[in-house]
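Multiple structures follow.
Both complexes below contain chain A, partnered by chain B and then by chain C.
The block that comes next holds the complex of A and B.
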């Protein structure tokens, strides 16, 4: 065992959260706005209507401003695995590095190459090729989401690999299992469609502002029609894939599910309970997890296992075990894990001494418990529980907002088609703030995914505290504040630039 | 066919692929070099806009290539990725910082209400082109001069170089004359390439002065770069190198890189060809007023880059040596991914020619017409 600097671990965690959350302000907008620009431009190319060209160029300008800062905040994430999480990088680089490299080869170059055409090619290439380029940027952006979510999905549900005791690391043995990991697939469809949804809300917000101000009314109305259709489709899809994601979580990460539902005692025919959490509640005690709650019978069993009568394990079952349901407690896993760590050390020592008989024996012992090795690094069974309140509230905010958005888009579409949008004075302010709500839902989604995964870097296999670089905390503290300062300044610049462009409006303000 | 390749071949192949990506990056640093020329060659707002717009159409190329370089190293040589990024922490963090500030600068520099003002974004571009490239050079220099780390039984890296009680975590790379010289050479070579690229990309009919200033700066940058290159090359020929024997035991061997060059004469040919091409590109631009110098000097840079990256890795050499503990040094054999991953990645790499093809096609399409002053006044400029 090595000494672990917990302060370093937590600063590295905070830094990853900071950089990922900043990055995720801009990326979902890129994912969706690129497609919206492609839709707008397709309509322009089909109709030849100059107004659609102006609309396309207006949204493209905002896309470009957003894209730049998305790229700026993105580069650090790739390298942060190396700088702050070098032990992780070494242990799983075999599997985790591949999707990142593929993302670089196939997605980033597509984006980068055709981005230049999209912005500077209006007079340099044909109309058709320009449209093609816009579509390529949209596809490239979303392709990059595929690969990074394959990587993330693998952290949630590690598949397609074996542990090699010789090198003490995980090695890939099936590329297709890694790529078609069910968690990765559901993550990608849920995440990218949520990006489409967020971008549609962004278009709605700005268009509503124009309608309230009585400016650029034609553009605003046209934009709302396209955004409402895209938003309605994508928000319905987000809800559908969210259900799929929850099912995958229940199957692969039951502790995460228990945390996001605030479920301590497992039940058959489990209801969904939601309300205000009791913050004094600890695993294993008899307190009610909620201060105030509402209850919907059977729903959790249905959601988690697609069966009304099924058992959904709670935090207590997972931590302390449940014999009836055949669930092993964490304490026993910790013991097996410690034995595995010990046997691995004996094996490495024997290898060093070139004692093959001793090595074989140690290896045979190690094999018995190797799947629990990650648990061997936990100090107490309770350490296996994520900080319940954060993923719980984030999940409920996400779900509440996610249920509201399809309704919002349907209402906007209804009045837009009816042609009476400008008269709905009550609706426009809701549209105006919807972008902000979208951003909150986006951030909440990642909080659910990542805080809910704690304490693991790789679910069940490698705790976060074992994944870091051997680095004193002060380094990470300095870089944390460097990133915080720089990203905040850049975000402020982005917002002021964007607000100015919105206030100028399309065609330098000449389009009505 | 790929599945029949043996492990050693795959490891070598992947070092070559990573080296090609790295060398392409060095060619593409014409963007960075151009950024450092901005204040020097562009005297009017129009000239500035011409330079920034021309570079702005390409800035994502070196950026993306750098990201790919990182990704490819992560996938193919994860032990290097972990050791170097986690160990030489501050060098990489500062390099990354210089690229973060670059990424927004083109888009935001001329936009109204940009918070910081154009000059700050121009300063960001300058920092990226100077300090960013210098530190990349210093980091590559450690392939020859070594670093201060040890790896434990589980390959966890410990970095140990303190100055006045502070562990410098890689910044000490910039204190070596060799590393610094390589860095300075890359900075000025990037300026050469930047000037040559701009000569090729801009229509100077309304800004003749800009053209002559660019030709002059390509020449002077080259003259400044030359002694640093010569110092690096001569040092390489005479310095001790980190030899790995058949058991993987590392030892310091006199004139190791000279013997590598002699053992791999094609690298020697590549090096000579590279230098000649860079020189030709500069000379033909300065004396013959050619606009095609970028292609010669660019190709030359790729050749020199390949030699710089391959020389310390092949012929049983540790490419990421440790000065503190020789046996912790990384070779392409002990630092690579498993055979399975390298095989998968080799299939993936079959797609690279397709990517290169469309990059080149779009580049030609976009650059077939030179950038004119008239276009700058249009909205599609930076």
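The block that comes next holds the complex of A and C.
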């Protein structure tokens, strides 16, 4: 039996989470700020007003700083795959190869090519070509995100592949199924629009700072109008795509939905219940999941299944089964998973002995249960439950902030159009901290997505504990703290350079 | 391509070359950012990748077959000692 060092698994997990969370500070700002720069420049080209050119150059400079500091931070995730997650990276290599290669090509040709024109091209190329380049950078950045999210969507809902027992790899048999995986599609639109929202909050934050300080007032007001319109549209779209994303989770990852809703006992006409979780609550016991709660009748059934009277399974139904609702329990899936692993071992042995008849028989048996393979690595049914409190609270933070942002943008837009923004002394400090709130919402979203799918690296097929390399925890601990140091330095550099540029203001000109 | 003064392919290549050359020469804040990027890439690819993040399978196995067999061994290890068939 292979000894799995759980502390190594946890350190590898923590390191991946740390890297991804740092990376995700830079990325959403790139996704959204690139479009905001394109909007500012489009207004400049259309109106010919030099103030819009100064505004464009100012935000483009901050975009450039963020891009420069953030570029390649995601590559570290790929290093981690090869070192800490070697089983996983081998098993999914055939699936992830194509999307990540396409991402690299897009990133290089669309971003890198036009990026230079965007920053070096003022006065050297025509206005139209410069604007075209700015739009290409925005579109290219966002198209790059498609492929990463296709890969992530596949982990949440593995489709378009077959497991090859000879190579121990999932091999893609339908590129279109992988790309148009409904989880990947909803994840892309939700994630990219949340980046637009975050960048709009970033513009709002800095503009409010100028208004509070009484500096660059015209630039700040004009920036707020554009950011509020874009932010209002984006935040409304985020709410819409978030609903679609939750529907996909309900259909493809019901355990994640149950965890983020704190739902233990499934119900028809299920209400949404929210409040403070009872941390002593365990699957299968009779305790109330909440200490304090509010309840909205029918809403969870409606959100999860688009039907008021539908049944939404809870954690207990999914773990222990529910015959009435035809839900298979985890214990039964564990048995099938163990059978699949045994058949895989028999197949391997038969191939070694060059006994093709025995190998074919083992393979046919393996195929019967292969969809449950991941469950065969679980020791108890309860192991299939994610740590409920983390995704539950992260989800509720995200939703609360996500509901607040459209209101915030609408209020800013109202006063900006009315021309009395500077008189709203109560509003500006809220705008000032809105960027931080946006960052919290962004990070919470990823916590929901990734902690909510535990214990799986690939949903139902490979648990995290089987995805790692058999290394000692010390190796991962050392690199964890190295990354912590490196990323903190990078973040400090970004903040320092940005603050300096913000303090200079639009007269600093373009990034040179 | 709408670079100013574009007339022939050779002139176009020259225009692109001078465009990048002048762009890089004229950098102020950009120089600081490029310095950060280069240091970062050095730390990532030379220090971290070489000394701390070897690719485990590439380092320990030569062929894809060996890598596949190793991973197969890992994911069936629990089963192989309790085969019921």
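The definition used in the following text is that the second predicted complex is superposed on the first by the 503 of 512 C-alpha atoms of A that agree within 3 Å, B and C clash if a C-alpha of one lies under 4 Å from a C-alpha of the other, contacts with A are read in each partner's own complex, and residues count from 1 in each chain.
Keep in mind that, in the parts below, a residue touches a chain if its C-beta (ideal position, glycine included) is under 8 Å from a C-beta of that chain, and two chains touch if they have at least 3 such contacts.
All values reported here derive from a predicted model rather than from experimental measurement.
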item: Fit-or-clash call for chain B and chain C when the two complexes are aligned on chain A; value: clash
item: Partner chain in contact with A:122 - chain B first, chain C second, else both or neither; value: first
item: First, second, both or neither for A:377, with chain B first and chain C second; value: second
item: Touched partner set for A:490, first chain B, second chain C, both or neither; value: both
item: Touched partner set for A:444, first chain B, second chain C, both or neither; value: neither
item: Which superposed partner A:341 touches (first chain B, second chain C, both, neither); value: second
item: Winner by number of chain A residues touched, once chain B and chain C are compared; value: B
item: Which superposed partner A:65 touches (first chain B, second chain C, both, neither); value: both
item: Touching partner for A:166 - first (chain B), second (chain C), both, neither; value: second
item: First, second, both or neither for A:186, with chain B first and chain C second; value: neither
item: Chain B versus chain C as contact partner of A:106, first or second or both or neither; value: first
item: When the two complexes are fitted on chain A, the stretch of chain B hitting chain C, from 39-47, 93-101 or 237-245; value: 93-101
item: Contacts on chain A seen with chain B and repeated with chain C across the two complexes; value: 2, 64-65, 68-69, 71-72, 75-76, 79, 82-83, 86-87, 89-90, 116, 119-121, 124-125, 129, 167-168, 348, 469-471, 479, 482, 486, 490, 493, 497, 501, 508
item: Complex interface listing, chain C residues touching chain A; value: 1-4, 19-20, 22-24, 26-30, 32-34, 36-37, 40-41, 43-44, 48-49, 52-58, 64, 67-69, 71-85
item: Interface residues, chain A side, partner chain B - complex; value: 2, 64-65, 67-69, 71-73, 75-76, 78-79, 81-87, 89-90, 93-98, 100-106, 108-117, 119-125, 129, 133, 164, 167-168, 171-173, 175, 348, 352, 469-472, 475, 479, 482, 486, 489-490, 492-494, 496-497, 499-501, 504, 508
item: Residues on chain B engaged by chain A in the complex (per definition of touch); value: 53, 57-58, 60-61, 63-64, 66-68, 70-72, 74-76, 78-79, 81-87, 89-90, 92-93, 96-97, 99-104, 106-108, 111-116, 152-159, 167, 169, 337-338, 340-341, 344-345, 348-349, 351-352, 355, 358-359, 362-363, 365-366, 368-369, 375, 378-380
item: Contact footprint of chain C on chain A as seen in their complex; value: 1-2, 61, 64-65, 68-69, 71-72, 75-76, 79-80, 82-83, 86-87, 89-91, 116, 119-121, 124-126, 128-129, 165-169, 338, 341-346, 348-349, 362, 365, 376-377, 466, 469-471, 478-479, 482, 486, 490, 493, 497, 501, 508, 511-512
